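The next part holds the structures, each set out as structure tokens.
Next, two complexes with chain A in common: one pairs it with chain B, the other with chain C.
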Partner chain A sequence: MTTVTAALEGYTQQLRNNRMGLWLFFISEAFLFGGLLVTRFYLWGNTRPELDQTIGLIVTGVLLLSSFSMNMAETAIEHGDRRTFLGGLAVTAVLGLVFLIGVMVFEWGLFPAIYEGHLKPGDNVYGAVVFAMTGMHALHVISGIIFIAIVWNLGRKGGFSPERHWGVESCAIYWHYVDVVWIFFYPALYLIGTVAH
Partner chain B sequence: MNNSARTKAYGRSAMIALTLAVLTIIEFYVAISLDSAIFLMLIALFKAVIVVQAYMHVSRLWSPEGEH
Partner chain C sequence: MTLWSLGLVRGVVGQIVGFAAGMALVIASRLLFGFDPVWNQEPALVGGIIIGSIGFLIGVGALTDWFKWMRGIETPLHHGPPHGRPAWTRYFGVDYNHKVIGIQYGVTGIILLGIGGMFAVIFRTELAASGFQFLNPSNYNTYLSMHGWAALAAILLGIGGMANYLVPLMIGAEDMAFPRLNAFAFWINVPGIITLLMSLNYGWDGGWTVYPPLSVLGPVGYQFTFWAVFLIGLSSILGSLNLIVTILRMRPPGMSLFRMPIFVWAVFATSLIQLTATQFIGQAFLMLSFERLLGMGFFDPDKGGAPILFQHLFWFYSHPAVYIFVLPGLGIISEILPVFSRKPLFGYRWIALSSIAIALVGFLVWGHHMFTSGYGEYLRVPFMISTLLVAVPTGVKFFSWLGTMWGGKLSFPTPMLFVLGAISVFLIGGLSGPILATTATDLFLHDTYFVVGHFHATIFGGFVFPFFAAIYFWYPKITGRMYDETLGKIHFWLMTPAFWTMSLGQMSVGVMGMRRRIADYDPALGVEFGHVLVTIAGFTIAFSVLLMIYNLLHSAETGRVAGNNPWRSRSPEWQIPSPAPEHSYASPITVVGEPYDYGIPNSTYVHMAPLAAADD
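The block that comes next holds the complex of A and B.
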């Protein structure tokens, strides 16, 4: 066996292990988010708080769009298109920030000068669940943006190639996971049930 | 890799995003008109499967070659 073949086989095995490790991490995270979803249905039943539907639809659209730009970035590095790769990552990070700002300003009401939020975490069961769910999700969005910034910086310095880009792949998969969580949170928070007054 | 393969890959990515956008709009209108929690969660599950399959490449977990 040549040194090159041995190195490639080593990388392939490492890649398999890395993927398995990442998916096991996602399964452990699913218990956390699943627990929050169960909490929502147990405590709210077929009711929901009055949240701004337009904001909900916009932030959901922004997050879906960010998944698209992230996939573009990953596809680009797979094909050696570094410019689209870096651009896609930058757009994803910006969209992630827009999502975060949307949630913080319009759902949490962190900046009353801009928008007066009508839910507080300690007010009632609706406020507590909304803040727990969006808060835990926002934490993952923040870590995803930091992850993207690290990958973008490495890519800018010439890191990653079409043959070796586990860092990009893992970052993309993590970001899509954050999107998958929101896919379930969006109907649970905004759409299911009748508005409780 | 050639440009046509790259363009095709970008097009596929855009088609998936468009499908997810359409499903989100359907979800919104289902919530307004039907108010069915089960139907809404089924649409969410369908969207999640699309993302897991197409964007998260779950099938790579059991691909023998282990390539990107």
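The block that comes next holds the complex of A and C.
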């Protein structure tokens, strides 16, 4: 075996290990988010708090859109199109930031000077669970945006090729995963049950 | 070489600096968001704990390679001891070799086991007589609670040690699938342990289960416990992820799943639980932390919360956790028993699958800890039945152990003695289990010392005895020298009868009405003599463990040279030189037969290149 094929084989091996590791991490995380959903249904049952439906719809739409731009970026690097790749990543990060602003500023009321939120974490069990679920999800969105920023910076310096872009692939799958989690969280927080007072 | 070149020293400094920075960060943000008062002890301390732990990881160097990757710098794996420093220093800093990490886990585990045992001996002495001798109820409770989490963390570390050292060796892999993640998963334990020990300064009194509302109302020491457990749990998750990928993807040609050494099956089953269930305790402890910090009312009935929810979340991890603790140990028993019986392991496939079965059934039994909690009565019978079901795969294991020994050519060096001790002790734990699993009897025994006796018998039989057996068994492979057989046997003959006394003594004082987690008792119960016996037994166990530690340290220099394969084992790690070289296998191995065909002529398990090629 020549050194080139040996190196290539080593890379493929590592890539397969990496993929399995990432999916195992997602399985593990599913239990974390599942635990939050269990908490929600245990404590709220068939009721829900009165949240701002417009904000909920907007942030959900924004997050779904970001998955498209992320997919665009990943497809672009597979075809060696660096411009679209960097553009797609940037759009995804901006949409992610819009999501965060929607949740933190308008749903949480983090800055009362801009917008007064109507739920506080310490109010009652509704505030507690809303903040726990959106907070844990927001933590993942923030880490996803940091991940995108790192990948964008590496991509700008020419770090990825159509053959070798595990960094992009893992970043994209992670982003989609966080997106899918929100698809479960959105109805659990905004849609299921009757409004409680 | 300077002190500063040791990763551990840099890590501790990093934690101190980070702790101060975290406290400052909290104070600054309270100022920014207009909180009043600006100084509030609890949030400041939590900020210190979190940033301090990150500071430790940066200081020790567990994140260095990843930071380089973020800047696009490739980092080739460094092999061998660090340049220009003595070889022992690699154990005190970040090293990516799985054997080094395994030793780091194991030694940290033994140290923490000692600390946990020390707490036990302290409050055990207090219990030897009724009335208050030298502890008051509050520090009695703190020591008792610390004993719980220190010992449990020690067990997780011990398992990490056995799994990290043995799994790659047993499957002939060069290393773990993710060496950097492996080092990270070990080192995150250390700030966790430091944080746990810091809780002593403030005290906490809820026992290891930290049920609300007590844990929400109690002293600030709880916060240290929550975050310490969170860090140690994170290590569990990342370590098990690494082990699963290693086991599924790094096996040599010919080693199908049913030709793996049985310990690897046990680690696989354990890792499945660790990967998933651990999230629940992390989440539950975070919820407690934030209920204290922000008044979030998850478990506060005044705010619409439910304390029982915590028990569900807690036991969904903490019951399977018991199987995390015992499955690797049961795997060790099945691994060592055929070597000293010179017979094939009886029912290999059943043993392998019974580990998986225990892991899966373990997810369905958590409610048996809550029979008296006031949850829906309709839940009692289903949880009772699922709990009793665990006896089936466990029984398979006992049956196989007996079948393996039956008609074998038994020999009894120290590891074999500890394996037999483990079986006898685990039997005590196993037989007392159904009594507690049955709702009708549990309603009377709940929260008595009977539970303590049962739990310690399962953990000593499922972890401590097999762990000691594993230490004695693989000691020659780790150090290249034999331990002192006489001291090993004295250790066994002191510890085993002492443990029987302790466990049965705890159960009998429990049946007589002794409640657990109580600093004092009424002498009229008639349990004082039982407590004296249990205390003496506790001291005997502690002394015997000190004997083992002396033996291990002393024999590393003076023991006789062991040779490659002193036990005539068929497992691949015994076919390479002792101590195991930096690159375990000089050339890839191939599996050509069954692992446990002891005593069957002309059977081979692994093919490997001749030893002459191995000395690079």
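One rule holds for everything that comes next: the second predicted complex is superposed on the first by the 197 of 197 C-alpha atoms of A that agree within 3 Å, B and C clash if a C-alpha of one lies under 4 Å from a C-alpha of the other, contacts with A are read in each partner's own complex, and residues count from 1 in each chain.
Definition applied: contacts are C-beta pairs under 8 Å (C-beta built on N, C-alpha and C of every residue); 3 or more make two chains touch, one makes a residue touch a chain.
This is a predicted model, so every value here is computed, not measured.
Asks: A:10 contacts which: chain B (first), chain C (second), both, neither?
Replies: After superposition on chain A, A:10 lies in contact with neither partner.
Asks: A:150 in the overlay: touching chain B, chain C, both, or neither? Say first, second, both or neither.
Replies: second
Asks: In the superposed arrangement, does chain B or chain C reach more residues of chain A?
Replies: B
Asks: Classify the contacts of A:131 with the two partner chains as first (chain B alone), second (chain C alone), both, or neither.
Replies: second
Asks: With both complexes overlaid on chain A, does A:78 touch chain B (first), chain C (second), both or neither?
Replies: Once the two structures are laid over each other on A, A:78 reaches chain B alone.
Asks: Please work out whether A:67 is in contact with chain B alone, chain C alone, both, or neither, and reply first, second, both or neither.
Replies: It touches chain B, and chain C stays clear.
Asks: Answer with first, second, both or neither: which of chain B and chain C does A:21 touch in the superposed model?
Replies: second
Asks: Look at A:186 in the shared chain and tell me whether it touches chain B only, chain C only, both, or neither; answer first, second, both or neither.
Replies: Only chain B; A:186 stays clear of chain C.
Asks: Between chain B and chain C, which residues of chain A are contacted by each of them?
Replies: Comparing the two interfaces on chain A, one with chain B and one with chain C, the shared residues are 13, 16, 20.
Asks: For a test of understanding, state which residues of chain A touch chain B in their complex under the given definition.
Replies: Touching chain B from chain A are residues 12-13, 15-16, 19-20, 23, 46, 53, 57, 60-61, 64-65, 67-68, 70-72, 75-76, 78-81, 162-166, 169, 172-173, 176-177, 179-180, 183-184, 186-187, 190-194.
Asks: Once bound in the complex, which stretches of chain C touch chain A?
Replies: Counting only chain C, the residues touching chain A are 70, 72, 177-178, 181, 237, 241-242, 244-245, 248-250, 275-280, 282-284, 287, 290-291, 294-298, 300, 303-306, 309, 312-313, 316.
Asks: Residues of chain B touching chain A in their complex?
Replies: So the residues of chain B in touch with chain A come to 1, 5-6, 9-10, 13-14, 16-17, 20-21, 24, 27-28, 31, 35, 37, 40-41, 43-44, 47-48, 51-52, 54-58, 60-61, 65-68.
Asks: Help me check something: in the complex, which residues belonging to chain A touch chain C?
Replies: 13, 16-17, 20-21, 24-25, 27-29, 31-32, 35-36, 38-39, 42-43, 121-129, 131-132, 150, 154, 157, 159
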